[in-house]
Amino acid sequence: MIKAGIIGATGYAGAELVRLLLGHKETQIAWYGSRSYIDEKYAKVYGNMFQLVEDVCLDDKIEQLARQADVIFTATPQGFLAGVLTEEILQHAKVIDLSADYRLKDVKTYEKWYQIEHKSPQFLAEAVYGLCEVNRDQVKQARLVANPGCYTTCSILTAYPLIKEGLIDPNTLIVDAKSGTSGAGRGAKLPNLFCEVNENVKAYGVASHRHTPEIEEQLSYAAREVVTINFTPHLVPMNRGILATEYASLKKIKQADGTYAYPSYEQVKAAYDKYYEKEYFVRVLDRGVCPETKWVEGSNFVDIGFQIDERTARIVMMGAIDNLVKGAAGQAVQNMNLLFGFPETEGLQLVPMFP
Amino acid sequence: MIKAGIIGATGYAGAELVRLLLGHKETQIAWYGSRSYIDEKYAKVYGNMFQLVEDVCLDDKIEQLARQADVIFTATPQGFLAGVLTEEILQHAKVIDLSADYRLKDVKTYEKWYQIEHKSPQFLAEAVYGLCEVNRDQVKQARLVANPGCYTTCSILTAYPLIKEGLIDPNTLIVDAKSGTSGAGRGAKLPNLFCEVNENVKAYGVASHRHTPEIEEQLSYAAREVVTINFTPHLVPMNRGILATEYASLKKIKQADGTYAYPSYEQVKAAYDKYYEKEYFVRVLDRGVCPETKWVEGSNFVDIGFQIDERTARIVMMGAIDNLVKGAAGQAVQNMNLLFGFPETEGLQLVPMFP
Amino acid sequence: MIKAGIIGATGYAGAELVRLLLGHKETQIAWYGSRSYIDEKYAKVYGNMFQLVEDVCLDDKIEQLARQADVIFTATPQGFLAGVLTEEILQHAKVIDLSADYRLKDVKTYEKWYQIEHKSPQFLAEAVYGLCEVNRDQVKQARLVANPGCYTTCSILTAYPLIKEGLIDPNTLIVDAKSGTSGAGRGAKLPNLFCEVNENVKAYGVASHRHTPEIEEQLSYAAREVVTINFTPHLVPMNRGILATEYASLKKIKQADGTYAYPSYEQVKAAYDKYYEKEYFVRVLDRGVCPETKWVEGSNFVDIGFQIDERTARIVMMGAIDNLVKGAAGQAVQNMNLLFGFPETEGLQLVPMFP
Amino acid sequence: MIKAGIIGATGYAGAELVRLLLGHKETQIAWYGSRSYIDEKYAKVYGNMFQLVEDVCLDDKIEQLARQADVIFTATPQGFLAGVLTEEILQHAKVIDLSADYRLKDVKTYEKWYQIEHKSPQFLAEAVYGLCEVNRDQVKQARLVANPGCYTTCSILTAYPLIKEGLIDPNTLIVDAKSGTSGAGRGAKLPNLFCEVNENVKAYGVASHRHTPEIEEQLSYAAREVVTINFTPHLVPMNRGILATEYASLKKIKQADGTYAYPSYEQVKAAYDKYYEKEYFVRVLDRGVCPETKWVEGSNFVDIGFQIDERTARIVMMGAIDNLVKGAAGQAVQNMNLLFGFPETEGLQLVPMFP
């Protein structure tokens, strides 16, 4: 049994961590950090936790926490962890950061897209990008895990095998993503009011969303070349869920008879299977089935479907996740399981809730 | 490990049974019955079950099923079970019926409100009304459990202690209930279309809803007198959840000093605590807190709050459940746990999902 | 053509006033008041008004406005108008107040329920309660109209004829109301965030909501006795609409044969028709039809249905309105039409939008 | 005053026609055709029309109707009008067809994508594609107008000026569209149930949706070359609204100094303005503003925004409409206005409703 501390436990991602860790056999939550609700009962902030969590919220004193906990989750605004992280903390506890502070290896890219100074770039090299299905082995050895963003997790995993196997031209990739509103956080902001979001759909952050360089960096590793993409997020009137619809031009590949041709359904499927057949959390759907966010709600699954369009020689790839689970807290727990040698699915065998 | 069969596994309540039983350590699902989808893969009907359930749907041959299963859940239309139930079936397997066939002891009341003939009234006396918190001991001995309705579970539990303790006049009780749309089932009917339900709220079945006599019968037992109430259900644009807002006139009770006065907050609270303090699934909220359906979503909890209105000498009681869990499948599993001597919370320690 | 000024034009009720007045043939909007958005283009605050409104927002200088406008609408927080209203203003312009400042005749009741001091009680006697169907003649003569609250408009009109005609016992009245979220205003508050409201239903302000004394005062006039009621508002995940479900005990009335009996369907219907048959905006539905908020969305209609429950000798009355139209801006325009002698339906012949 | 008949008046598009025509000064509805509800009061099928429409539904006898009406709207399933249209009908009345029967000039393309035989291809040449902003002059002369599809209206208008002016490569066009559920019609089908749509987003008809060839045909005319595109529709949990997010590679154009360069913001804006500045119903938003479907709800507007992505040399164009208004009934009325010489905005100066 290990002890976990959560800094930022009263945001939506933090609260989802609490939900998941309450069902985790090897973990006990030792610290509910929340600067906004210090000394208030956690269950007053989240009524669903009434009689399940008796603790009160604590301040975000990460150094003190590091001496009490085996693992620290930071579900905090950009810049927080970079501002307080020290070598001493990492010597005492593993850190899984749900913010973007250590996701990008290039500090200049970080500072350009996030418009804040990075206060501890010395940990960037060490940090492991915690996309478990891709970086499993590195995560196991890490002290500091950069938990991927919600859009990025979905966008990368949906295209990864096809880029890795050279079936698509990565620089033709266009990611059109649709997200539920919990991704915007629990801040009391006008654009997130019910009446502004409900019965509405819109794009935002067009050609400027911060998850763009994160997707590009990871896909560049897979492609072994610099990849530049279009990424457009949309806000959809639902609580949870991300659907990424991704478009790319197919590349002609060498066929058994020596000729070059666009990959067939079977060849694309084989590429997905090569990487995901043994992955519990990635479900490549049957032929012709399009993923739906509701089918993964509450779970750590990534559902993937695709359709080849022979008329345009493009492929349409679709991926669906629950943004708070595989897109945040679930993946963080999956990373914790890797860090501590627990079964990777411990606490995460959640059956999606429908309806 | 026992074997469970579900007849009506492709309705919403049946599907929720599947979700819950997949997480139950002592049960294995042996039969996914669905007349509409015979021979189809269950996971094609419910995409969330992809790679989690590999079975195909079977016909609803309950006699054959009774010889293979230890427990049979019938999540079927009214009249189905009454039409097929036999002594032989009950000798082979326990039956938990999610329909209304055995909820009312008086066959005439059943036939009046449901407008169908009851085909096996001989089992009515034996059937136990499976409201676990009230009838726990009888359930343990039963062969046939009548699993309560969704509205009724919520309506009864919210008022039960106050009626039992004589704090309110039961014949002044008015239950104004609001339900999510999954309660209407998965039938392809025009009034349940998204565009008809969304951005809309309405009452229906006013002064005629079938759950009325069920609530009245159970509250009559508690009151030890015949109780007649008003019950008005409403349809709310959400998937899950029932909120029952209940109004009743307080009765003056004898106080410590010998005088008679309306019960105080503390006296009402004490009545609730007397019945629910040790109940895991009933959460009586803190003073002044109103229950919200979202706080119990996905869980087997009943959240209860109340407010005394001294101006009118009435009390407003409020209860919230997830209609598919405590209002259907969850309570059915709770009943199964009682029937087989499993811990009552096995498979049901579900943390509500928020948001 | 008259000139109208709106103070509080960027709240939801203010914005609805803009929508309605843009379609009003006799009115021109001369002043878009908004303390929060001074000097910003109105259409930047409400994107739907792009190319329809070119004006910028102005400060809320009501004295200056009074000299420019024929009518002033104040869609402002409680206490604002009471703090600034003067005799001089009323000599220059008619004032229609959408806040509660002049709705209650008794200043003590106001100060008790609203917890603020009333700064200009001298205008209370003069103010006319602008429930057009009830107070039409007084409104026509008024300088200062207190536009009724959203819950109150719906609650009062639904029960009014039966109380006026003595068919129900007014002190048994229980109003269980359900509202869309626009009623909570456009303030950036956590409880109004999409993720907090969506997939959720809850009661609030139980036995303490400020619309209670307003309903009671008006129903007391109708009943010619002091009426005390229970009023419970609920928040429903939709943008617009209020449904009031109202319960009351029927009173035995003298029948044609001299005996006393509970009123029949026809007798109740006759009472409604007596008051509403000639009212364009009140639609008493056909027998057995329950109102739905979606059927009045975007319009100034009040839809009313009822069901007698002979088992309990109670009647269930149901009324539905669009809270932003008949519950706020629409009724304000209806009052303006009365004040200036325009056809009462001018600008308000809005066909409800479905779906 | 002309007489209009509607065949298919009880579908969502037909009902929206009724809503709009009730507010049209020059038109009277003479025929509410609905095969499913013959002899039922129209207001029983659509409760919002209570006391506004007293008519009963009639059969769909188009020949009889043609002798009574000046204009016939057919809001019917694919193949209906093609199966019944005759020269005689067209001699008596103008016909505006909201189905796809006469949208595609090539009968083979129609039969391939719709999988039904076209019964009256002889009218294809005569039919005018009723995209008013593009084909205004031809519509004025027409007897038979093919009213465009909802997705197509939005998709075409959003990209049209840039294709027409050669600023983008039309064969790189990818249209990712999101639609509310009313586009799926009022048929009682399982996938359109509230619980299936709510809290869910999914793509459907990927690389096979029937609106694809319609978009391609119209854009081919604009491009003066054969255009092949990717079009992916998505279902979003809201009643109304379509957002089309469109991606295309920019083409270098000749600049003032004789060099070739990608078009600037100003050059793209100028192209939009060239075609839309005088169009009442097309609103090209201010720089940096993304359209939102809620801002056009209930209105006939098309809102367009765009963002150049210099990193990829692509442009992201976004268009928003109300699928039932500009995407169906509103555009049909606009076409009627053109056909009969009414002001083009008559009956269509609808202020979008927000929230």
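By written order: A, B, C and D. Residues from 1 in each chain.
Note that in this section a contact is a pair of C-beta atoms (placed from the backbone, for glycine too) under 8 Å apart; a residue touches a chain by one contact, two chains touch by 3 or more.
As the structure is a computational prediction, the values presented were derived from the model and not from experiment.
Among the other chains, A has the CA centre that is most remote from the centre of subunit C.
The chain pair with more C-beta contacts between its two chains, of A-D and A-B, is A-D. One simple way to say how far apart two chains are is to compare their mean CA positions; for subunit A and subunit B this gives 37 Å. Within subunit B, the positions touching two or more other chains are listed as 12, 182, 195-196, 198-199, 237-240, 292, 294, 297, 355. For subunit D in complex with subunit A, the touching residues are 171, 174, 176, 178, 180, 195-196, 198-204, 206-207, 228-230, 232, 234, 236-241, 243, 245, 247, 290-294, 297, 307-309, 311-312, 314, 316, 318, 320, 355. Per the touch definition, subunit A reaches subunit C in the complex via residues 12, 181-182, 186, 188-190, 192-199, 237-239. Listed in rising order, the residues of subunit B touching subunit A in the complex are 12, 15, 19, 22-23, 46-52, 182, 199, 239-240, 283, 285-286, 289, 292, 294-299, 303, 349, 351-355.
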